[in-house]
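Presented below are the structures under discussion, each in the form of structure tokens.
What follows is chain A paired twice: with chain B in the first complex and chain C in the second.
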Partner chain A sequence: MEEVRMPGFVERFLKLDRRIIYSLVALAVALPLLWPLKLPIRVTPEVESVFNTIEKLPPGSNIMMSADFDPASQPELYPMMKAVMRHIARKNHKLVITVLWPNGPNLVAQCIEELKLEFPNWRSGEDYAFLGYQVGGTIVIIGVGNSFTDTYPKDYYGSSTAAMPIIKQFNRLGQADYMVMFEAGNTGDYWIVYGTEVHDVDVGGGVTAVVAPLYYPYLQAKQLNGIIGGLKGAAEYEVLTKVPGMATSAMDSQSIVHALVFFAIVLANIFALVLAIEKRRQARREA
Partner chain B sequence: MLNPAILIQAESQLLPWQQAMADFLGGDVMVAIGTWIAAGLTLIMFSFIYKDNPLFRLGEHVYLGISAGYLMSLYFFNNMKPQFIYPLLPFLDPKFGTPEGTVMNLWVIVPGILGIFILLRLVPGMGWLSRTTFAFYIGGFTGISLSKVFSGLLLPQFYATIDAIPYRVTNGPEFILLLNSLVLFVGALTVLVYFFFSVEHRGFVGGVSRVGVYTLMIAFGATFGYTIMARVSLLIGRMQFLMFDWLHLDRLMGRLAMILFGGG
Partner chain C sequence: MQFFRKQFPILLAFAMGMTMFIREFIPSKLAQSLYEGFTNWAIVIVGFSAIFAILSLLRHHISKVRRKVPGYGFSVVTIIAFTQMLILGLIFSVQPGTPAGWEYWWLFVPMQSTMFATLAFFIASAAFRAFRARTWEALALLVAGLIVMIGRVPIGEFISPYLSDVAGWIMNNPNMAGFRGIALGVALAQIAIAVRIIFGIERTYMGGGD
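This part shows the complex of A and B:
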């Protein structure tokens, strides 16, 4: 009797309406956002390496940043870009920012505006230069290896880059003491091959979780000195800078959904196994 | 269609009904209207989870249309104008005559003609001209890439596979490092064998290639895990937007807490 009922239950579970699973996922995301559980966030060596490099550079060092993403990756890359940019501003480093994705510049501009509220003396042209978007991809990377002013005659705001005090001390990629790139695709590959490897510049990568596995070989080969991977990486960086933000508040939801997915996969596999065994038994009985 | 003039007026001189609207929408009228449109479109896209419907199709087409239009205008105003039109006809530059104005550069005619050649693919009988541009582009880019890809990608990755193997093991961490390096080395070799199709995958080669398949499956599993994390992050981002930027549930929760537990 029990042997007959069990597969029925198992079959019902395996044929569960996907909308029930979606509803569970929605609840698992929404509830921790309203009532945070404050689960611990462990900092990984890959993220710590990027943080330590920026932390240990003497104030006024040149840092290059490339924000190669668009609003589709905003939930992951925006919090980490803001955390890294805040760290750079706090350490008084000189920052030059480029964008190789056409829909990216507005996000960087928004991030700068938000940080200016925290650092009112952080000035365009002196402390940072936001060069904006330039078409060409690889050609732009090769170009900034020679000169920022030639590749970007004007910055995002329309000011002449040649007249900027920051550009007088930092006018090409080779003069960077460190580079951080935020990547939602494979533009980082081009930065490594045509930029940082050619000009011998240390680079750390802030990447979306989807592309993170593609960047780990560079970490293994020491072509990247650290990786900030996905929302988890962003939250880790916020922990290191001691300024909790969007990523930290989202990590509870992330953990709960992961647990849900984990149990769903395990349960589905156990039930699929039970079903297979039961079907085999029934086949034997019928034979 | 909203009249921008009304919105500008709403920001500067608010009539009572406009003030009431601004209060209802939650502050800045422009931002609030944008938020409501974005929230509506997000819900329309989420409606696909229930089932396919005309609103979802509409949302999809609106997204594609706006993206294409935005990109086209971006390329025109950020690239075509400052890098082609102004150097060719500098008097069109609003800063013409000032030190920041564009200087005439007739060399841009060459890439301009090559660009027009690509568009000629649309003209019957003249499409062959586009091959000139592609030949120029592919030839130049191959020349630039070949040495850099070899020295910046292939060799460092090749060295890293061998270089990671420690030649001396005296303690636990070094043993773990050795283990990692061996996994990497064996994994790289076996996957290469799996993709080597000139020898039949039987016997010893078949066994090695099977190890390569398992290595690939483990790598795909790790990638799948990361992909779930990425997709959940996107969902969290949208939920944060809907719950806090649109519905202001954080404020509502704060008020509820004050009512329930007192204070202030």
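This part shows the complex of A and C:
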């Protein structure tokens, strides 16, 4: 069969060199960072729900947090973790933080250091306890349901957890008034199954955009009371706390890249359709 | 010896599995303390298994270097990186401000973030080439994907506020239904596997070979 003659532009577009696509993506990321468009950020009910829960708790309430991610997901999850922790510190809630991913603790430690500049009186052992990483995954989740001190005899900084004033009032997951988990994978599934459902604790999830679809079934079943999804979710939380940060400034870039990929896919499909029609016509002519 | 290699692990799995299962239905202090004790045991056992995993990883790479298999240079880098991080971590701890903390922040974090960031370029190129509506099912997937992609960022909301609502509907309904089906399937499979392990039908956890 004779090779199909494609219209010149269609041919060139469908065979577009990947380096051109890479360059366009790079420009789409960089230019809005240099010249922000300041597109409005609309807050979704899923994010607002997490914010409202923390906002409405009486000051001094116990909040549990698990940061289960590593530097690969830092650009998405770090800004939302910082925004949520800022909100918790601002409301004077008591916070206990665990990490179930081995490369995650330093990210939390950095976040605490940054927040201490904003809240100089926010003290380890009194206002928050950063328990760090413990090997074991689901076993640790079951363990913190029994006792923080048994599962984490020492905190991230090496201090005895049993001696901490915060642990005297908040020593197991069941004593939490709310939990927020930041997830780059499916560890959140285990928190829900072995932790929050067993101990009847409301939980909100901050998750990467790529795993967000996994967590929607929990949202409708009310096993999650809110989802902060991806960088957009982080930007929404920053809007709610009225402290714009990295997520807000990156929103324009993300918008332009999404729009670029959107139009590239649509055009590629239109041109592929044109090509298919042309092929069919040619086959008919040959017949 | 044969008893300890074959029958004993099955008996142990049966005894532990049944104990933990029955415990769920006994609301007594003894049952609770048993549960807490077993949980602490499990943390210790998992800790040991992590040490075994590290030793196994090292043995694998040392063997590659000894045999000089193609690409053994990567194994050399792995061994050096692991050993120096272990030594620095044990001497100075791994917190920010320590040498291991410095390596974490100024080597590990940028490298891992870069690896992940390059995905944006690959995905854009792959989506352009491969995301084609060749069938009606593929068209449905394509339309749903495009709406969610554009509706979940501010520019979508800027174009039309309805785009965000439609994207939300897709996530909360068709997506949720699909994932719920998968979750239920996985849960049922986990129950089946647990029952098979407790009753000694599933023995692959004991390792291969004789």
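Keep in mind that, in the parts below, the second predicted complex is superposed on the first by the 281 of 287 C-alpha atoms of A that agree within 3 Å, B and C clash if a C-alpha of one lies under 4 Å from a C-alpha of the other, contacts with A are read in each partner's own complex, and residues count from 1 in each chain.
The rule we apply is simple: a residue touches a chain if its C-beta (ideal position, glycine included) is under 8 Å from a C-beta of that chain, and two chains touch if they have at least 3 such contacts.
The structure displayed is predicted, hence computed values, not measured ones.
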| item | value |
| --- | --- |
| First (chain B), second (chain C), both or neither touched by A:Val25 | both |
| Touched partner set for A:Asn103, first chain B, second chain C, both or neither | both |
| Chain B versus chain C as contact partner of A:Ile142, first or second or both or neither | both |
| Which superposed partner A:Gln223 touches (first chain B, second chain C, both, neither) | first |
| Touching partner for A:Glu113 - first (chain B), second (chain C), both, neither | second |
| Which superposed partner A:Val261 touches (first chain B, second chain C, both, neither) | both |
| Which of chain B and chain C A:Pro213 touches, first, second, both or neither | both |
| Partner chain(s) touched by A:Asp68 [first = chain B, second = chain C, both, neither] | neither |
| Contacts of A:Arg42 with chain B and chain C, given as first, second, both or neither | second |
| Partner touching more residues of chain A, whether chain B or chain C | C |
| Overlapping contact positions on chain A, where the chain C interface meets the chain B interface | 22, 25-26, 29, 72, 74-75, 103, 134-135, 142, 189, 209, 212-213, 217, 220, 229-230, 232, 254, 257-258, 261 |
| Footprint of chain A on chain B - complex, ascending | 49-50, 67, 70-71, 74-75, 78-79, 82, 100, 141, 144-145, 148-149, 151-153, 156-157, 159-160, 164, 184, 219, 222-223, 226-230, 232-240, 243-244, 249, 253 |
| Footprint of chain A on chain C - complex, ascending | 35-36, 39-40, 42-43, 46-47, 50, 93-96, 101, 104-105, 108-109, 112-113, 115-117, 120-121, 123-125, 127-129, 131-133, 142, 146, 149-150, 152-158, 161, 164, 168, 171-172, 175-176, 179-180, 183 |
| Interfacial residue positions of chain A with respect to chain C in the complex | 16, 18, 21-22, 24-26, 29, 39-42, 44, 70-75, 103, 105-106, 109-110, 113, 134-137, 139-140, 142-143, 146-147, 150-151, 156-158, 189, 209, 212-214, 216-217, 219-220, 229-230, 232, 235, 251-252, 254-262, 264-266, 268-269, 272 |
| Complex contact set, residues of chain A against chain B | 19, 22, 25-26, 29-30, 33-34, 72, 74-76, 102-103, 132-135, 138, 142, 153-154, 160, 189, 192-194, 197-198, 208-210, 212-213, 217, 220-223, 229-232, 246, 249-250, 253-254, 257-258, 261 |
